[in-house]
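Below is one structure, written out as structure tokens, with a few remarks after it.
Naming follows writing order (A, B, C, D, E, F, G and H), and every chain is counted from residue 1.
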Amino acid sequence: NRTGVVEAILADCKEPEDVVEIARVMVEKSKRALVTRASASHVEALMKVFGSEKLEWNSRARTVIIHDGTPAPRTGGVVGVISAGTADIPAAEEARVIASEMGCETIAVYDVGVAGIHRLIPELQKLKLRNPGAIVVAAGREGTLPTIVSGLVDVPVVGLPVSTGYGAGGGGKAALLSMLQSCSTLAVVNIDAGFVAGAYAARIANMIAAAGAEKKTEEAEQED
Amino acid sequence: NRTGVVEAILADCKEPEDVVEIARVMVEKSKRALVTRASASHVEALMKVFGSEKLEWNSRARTVIIHDGTPAPRTGGVVGVISAGTADIPAAEEARVIASEMGCETIAVYDVGVAGIHRLIPELQKLKLRNPGAIVVAAGREGTLPTIVSGLVDVPVVGLPVSTGYGAGGGGKAALLSMLQSCSTLAVVNIDAGFVAGAYAARIANMIAAAGAEKKTEEAEQED
Amino acid sequence: NRTGVVEAILADCKEPEDVVEIARVMVEKSKRALVTRASASHVEALMKVFGSEKLEWNSRARTVIIHDGTPAPRTGGVVGVISAGTADIPAAEEARVIASEMGCETIAVYDVGVAGIHRLIPELQKLKLRNPGAIVVAAGREGTLPTIVSGLVDVPVVGLPVSTGYGAGGGGKAALLSMLQSCSTLAVVNIDAGFVAGAYAARIANMIAAAGAEKKTEEAEQED
Amino acid sequence: NRTGVVEAILADCKEPEDVVEIARVMVEKSKRALVTRASASHVEALMKVFGSEKLEWNSRARTVIIHDGTPAPRTGGVVGVISAGTADIPAAEEARVIASEMGCETIAVYDVGVAGIHRLIPELQKLKLRNPGAIVVAAGREGTLPTIVSGLVDVPVVGLPVSTGYGAGGGGKAALLSMLQSCSTLAVVNIDAGFVAGAYAARIANMIAAAGAEKKTEEAEQED
Amino acid sequence: NRTGVVEAILADCKEPEDVVEIARVMVEKSKRALVTRASASHVEALMKVFGSEKLEWNSRARTVIIHDGTPAPRTGGVVGVISAGTADIPAAEEARVIASEMGCETIAVYDVGVAGIHRLIPELQKLKLRNPGAIVVAAGREGTLPTIVSGLVDVPVVGLPVSTGYGAGGGGKAALLSMLQSCSTLAVVNIDAGFVAGAYAARIANMIAAAGAEKKTEEAEQED
Amino acid sequence: NRTGVVEAILADCKEPEDVVEIARVMVEKSKRALVTRASASHVEALMKVFGSEKLEWNSRARTVIIHDGTPAPRTGGVVGVISAGTADIPAAEEARVIASEMGCETIAVYDVGVAGIHRLIPELQKLKLRNPGAIVVAAGREGTLPTIVSGLVDVPVVGLPVSTGYGAGGGGKAALLSMLQSCSTLAVVNIDAGFVAGAYAARIANMIAAAGAEKKTEEAEQED
Amino acid sequence: NRTGVVEAILADCKEPEDVVEIARVMVEKSKRALVTRASASHVEALMKVFGSEKLEWNSRARTVIIHDGTPAPRTGGVVGVISAGTADIPAAEEARVIASEMGCETIAVYDVGVAGIHRLIPELQKLKLRNPGAIVVAAGREGTLPTIVSGLVDVPVVGLPVSTGYGAGGGGKAALLSMLQSCSTLAVVNIDAGFVAGAYAARIANMIAAAGAEKKTEEAEQED
Amino acid sequence: NRTGVVEAILADCKEPEDVVEIARVMVEKSKRALVTRASASHVEALMKVFGSEKLEWNSRARTVIIHDGTPAPRTGGVVGVISAGTADIPAAEEARVIASEMGCETIAVYDVGVAGIHRLIPELQKLKLRNPGAIVVAAGREGTLPTIVSGLVDVPVVGLPVSTGYGAGGGGKAALLSMLQSCSTLAVVNIDAGFVAGAYAARIANMIAAAGAEKKTEEAEQED
């Protein structure tokens, strides 16, 4: 299931012992398990059972990966993840971890924003050289960044609105609406849905990688 | 009343003959009358009574100015009006006409947008050379432009959301919310409120112009 | 600009003569012009000037393509377009025309829905055999179909909510919200945004097609 | 009052001692009492007074039934309760407990969902064999399941939206709206209103059971 | 398909000739066709082709039934339809026609409301004597009536909010929300969804009728 | 200031010591002070300083009255306060305390509701005999009661929506909207605004009482 | 039924001939009929049947009164009606006509507003001298006026929000919300609900008038 | 960067140690640092590191300024800050601190409101004598005050809605909407956005101050 979406354990409303149990079954079956939206107590319970060596905890993404030492398979897909400000990093990181777990190489660009827009152009140039198959752009408050990025690249951009901002349009609402109203070519996921954004971008990137690989094989076969 | 807001006849829900009557009284009293949101039938009725010579009709702004030949007084205030797309021009023009009627020199920059963002920088440079006291930025759909402009200038920017865009956040809602959530320093008026945006910008520009003039006079007096 | 988004003339708030004029310039420059959201009077005006031979009018998509006889370039990209009911066809067709104009082969499956869900599976099987790079799924009312399709394929699915349905959640609102809440991996565009859905899907499909072609060329070069 | 709705004590905003007191009166009068939305402290207080033998606590449904040993009367009504995911179980269980307390046999099918849609069909077949008079279908996030179930059965389906999901349409809003927009024949209750869903389904099931019983009696009488 | 929901042609967004065509096919196949939300021009077109004898037009319900003379099959189901005011009658009548077409006897009580609440009680008494299997209650503005009716009967009540009322909560919104918040046991359909309300009530009534008939048959068989 | 609205100290966002200080000043000036929305810590602080004898705490209304022993002046105004359920009592009590403090005799009827509608009529009869000048009716969830009461009396009814109910229309929203949509003659205050409801009803009742008194005086004078 | 609310024929969704028919019955029974929300065609139809002499048409209020020459009974109640701008007059007039038809003397003050706030104080002084029992204050856009009036008088004020204003908060929404949030003691009716506002104010005014009259009678009786 | 907006550290979602670290860097670079939305634990951490002498904590504004003893530069700009009630002071103070830190003299008028409207006029007279370049007006609940102030002065008014008020329109919503609907010339910022309001007002005031200074310099130069 090379391009398929990774199955994850959404820890949010589950008791630590339930998460541990589901993870144990999953690791047995698939050698890896991914837990998302993990709180401190989930992490602690997982740590106790699996030990810190077989466990990769990303505190900003709130994800835990459990594995048996075998590295995740690589697809050759490449996913860029851009975010505007510090508050957008958790959602961006969740997207990045999922894309990585789905086999993609990920490239994070976390220090650009509408304020630092002059820094965006050179960073995008560097990103383009790596040939990403898709780019996730996380943005809160007024959610401008995905529109701008999509106007500057040919790569499919996934807009990821982040629940920042107070008052009218706060909590990610203005960000979501402006991405839906964007003049650039843009598709969006729900507010804070880093999981969906990462999985969607990986789906695209993996198909592109696979297309290249298939052609290679095809021609190799034709050459014979 | 040099910096005061111009009084206007909002034609929207008034019968043509009522607008004509109010305008007649106003011209008598103040030598000028400004009609906003004028439909074809309002314009026709005004034309019949005042004649085309004493009447300036701006079809995009939907405004009519009636006067007795005397030009509007000049304050020395300078107001910039920027808009992103064709659909934003009516609101932008309404703002521009009001600012002009309040004595300001107005500078319109109507052909920039997020799509044509590379054209924005040089246009802003030219605008800065004219020392505007305030800049109205009209934008519909996702309403990005005011945020970007305010991040590039020191001048107070008045965000004017425009009722374009369909679907979620359409009709100016996303534009209004993203201006309220803007990371730049921005104040906003209601959707399509060109009148308020123009009057507010003129208020600022006229105060700046007056400040300069007063100092001049003060010093002239001190010199004596 | 092989994978770039096609430029289109949004006829919606433009006078017929303006649309004709812009189209004339565009055809001169690029040999083709695409007009979207064209009303009867726009079509009539375009017909009069360009003649029916150089004009492809899609009355359901409300699009007009004007060309000089040269066929649109082909990219090798493949885009599937699925819709649930009759009322969803205009949005679906708009997406299809845009994807086609961006060089993609398009495959329309318009007769499946939640009611006729038993017909969906065999149709999807047939679609998969054509190796689409992306699938647009248009759905109104409760907007279920994209969720179901995305659960059955590995291809990136673009959810296109359609403004059908009356009462609470009508006008595409329930459709948009359920796509954003979807348990499947899904990205969405705004309500009735057939243009964006088509362009986004074509962007993905064209990248996949290009990836295959590049590999081919690469290897050809390495072989030398 | 065979088909009547059971009276219940909504513990939510009541002090433990008040709930105990009301329950005591109710048990005296009717031999049974049903407490809903009971917190840990309510349960503890009830336990202390009534003892664990006369008390049935359903921690997922958050209900407590107090009785004097006499089993609840049986009506012959049959109610199915289906839910899509783990998060939907509390609402589903509340519905099931109420239907049971109103005299119905209840059949829970809790492990199907849009993801596991292939498992839905055989489960529905089994459910049909038990001749349910009504089926409650609980679903959160995008709320698809009731639409699909109602398209596959002749039995009245009660849609029960559940307050899951974050971001736009979260907290059960998208689920409620898509049930209201459903193309299938569906009636709905409010978000998390497991009590109403269960009572409504039991009302239907009890009328069907009674209709059968009456006919039986009628004919028995006519035979005499 | 005795208790199944009748298939209907939703005329709303269809051209008269399309409706005629679909109706022709349907009559051929099933001897009857039901058209809903029919405008004057739909009715006229249907009249021309089928003639007035084989056509039952209900102008308030906006429905047309076409048949070949054979009366609709009768199930024995009984459905009550109550409405509060004149403005609620179209939605109520749509529900009544659908229930009738699904084989039910229908009993309309259209002249009661919160104002005339003293008239409600005797009308409900009369209705109960007819043993309805379900009652549709249509109500606009503040939507009180379904709550009151459901508090007075044991029969399942389907709340049908109607799009009357201006200002805040107008267009059926307050009615829908108060039915969802109702203290009585109530299930609801969307605003103006007379079709769904009627079909849902008929589903219930037909199951009750069938239950009685089955028992009859069963016993008849046992007696042999 | 006989009919004027009483001044109150809104304790909600104030520190206990600030409330004590403001109360001290107010008692000195006017011999009485009214504190609303008082928490346990506010009450404790007030108790410590003023002693329990000069302090009337209403825990359900969350009000504290401090006085120097002198009873509040009486106006002769009479205000009825009706509520539907237990959850509505705090808002109803706040209204009652304020009306009482404004000099009115108050009559509370707290045990009627749509469920117990048969008990409403005799209670209203008793209330009418006391000649209330205005009636506050508090109701949450679907907010029916004020509509029904106002349909049965000639006295001005003040609808007081209460923030009960979960899901769509919860938190008092459905109650507010249905009161605004009411078919009866009804004026409303905001959700949980017991203070405003009580003060408004007292204003009316005091004017009626004063009208009677004035006539009396007038005639007494004319007789002389 | 001296203080009771007048029964009116809401012409809005009724055919002219139906309105004529209902009016005929009503005039026969009660010697007077009141038609509200009457369009030109309603007025024409009524004029034709009843003749212009027995008909009082108020084109701004959109009301028609039909009578047999007998003047409406007078109660002695006095109602003030204040409005802020020209656009608020239709709603204000509707309120005024209803109050008058319910027996009250009405006093209209239509030329004050927040702009002309200096004119408000003297107008209020004059109004107070007439001893109004209640004051309706109609206001659109930001809806400030009722708050200010209620802060300056002891008389109960009925806030009547008017559907003016475009953009966010337009159509009367901001006006309604600010009246509900008002710091003054204020009760409100729905947007444009002139009928309810007038009837509510008349109810109050009539009770006050009656209170005076009763006292008079009482004392007269005691004197005997 | 005399008129530029001050850079501030938004402490809201940052750990105390992170705020300390960022502040240290900022003080080193620019000799001053401004922290906004600082909680007790932020203040404590800053105090420990910088000492109380170099730290100005404004508990109501929730701001901390850290400096090396050098006073903030003065621009000559003057900003007025008006608020209606006690609850509006935190937002107003935040605005005032920011304007001050941007070099402006600030004048706070915190004890006026719609209730105390008679006190507003003399306070505004005093404020005008100080020649403010802009006035921030903070108001919660129904948000009337900015409208009234802007109707009485020529100076640009920045409306600052405050998140007070419960029920419909609460949390600053009614305040925001009525400022957007205001009949006076007004620009607004988001709910509780004291930072933006203060920075925007300072921008205006500083431009006015600079205009005066420039003229002075110009003339001084011309005189030479």
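In this text, a contact is a pair of C-beta atoms (placed from the backbone, for glycine too) under 8 Å apart; a residue touches a chain by one contact, two chains touch by 3 or more.
Fair warning: this is a prediction, and the values are worked out from it, not measured in the lab.
**Student:** Just how many steps, at minimum, does a route from subunit C to subunit H need if it may pass only between touching chains?
**Tutor:** Graph distance in the chain contact network comes out at 2.
**Student:** Over half of the contact pairs shared by residue number: find the pair among F-H, A-B or F-G that meets that against A-H.
**Tutor:** When the contact pairs of A-H are compared with those in F-H, A-B or F-G, F-H matches.
**Student:** Approximately how many whole Å separate the CA-defined centres of subunit D and subunit H?
**Tutor:** Once rounded, the distance between the two centres reads 55 Å.
**Student:** Averaged over CA atoms, how far is the centre of subunit E from the centre of subunit F? Could you give it in whole Å?
**Tutor:** Computed value for the inter-centroid distance: 44 Å.
**Student:** Centroid of subunit B to centroid of subunit D, CA atoms only: how many Å?
**Tutor:** Whole-Å distance between the two chain centres: 61.
**Student:** Tell me, which residues of subunit F touch at least two other chains?
**Tutor:** Expected reply: 167-170, 173, 176, 180-181, 190, 193.
**Student:** Mind listing each pair of touching chains for me?
**Tutor:** Result of the pairwise touch check is A-B, A-C, A-D, A-H, B-C, B-G, B-H, C-D, C-E, D-E, D-F, E-F, E-G, F-G, F-H, G-H.
**Student:** So in the complex, the part of subunit H that touches subunit G is made up of which residues?
**Tutor:** 85, 113-115, 117, 141-144, 147-148, 151, 165, 167-170, 173-184
**Student:** Please output the residues of subunit H touching subunit B within their complex, sorted ascending.
**Tutor:** Residues 3-5, 133-134, 154-156, 158, 180-181, 185-190, 193, 196-197, 199-200, 203-204, 207-209, 211-216, 219-220, 223 of subunit H touch subunit B in their complex.
**Student:** What residues on subunit D touch subunit F, complex-wise?
**Tutor:** Touch list, subunit D to subunit F: 13-14, 161, 163, 172-173, 176, 190-193.
**Student:** Okay, in this complex, where on subunit E does subunit G touch?
**Tutor:** The touching residues are 86-87, 166-170.
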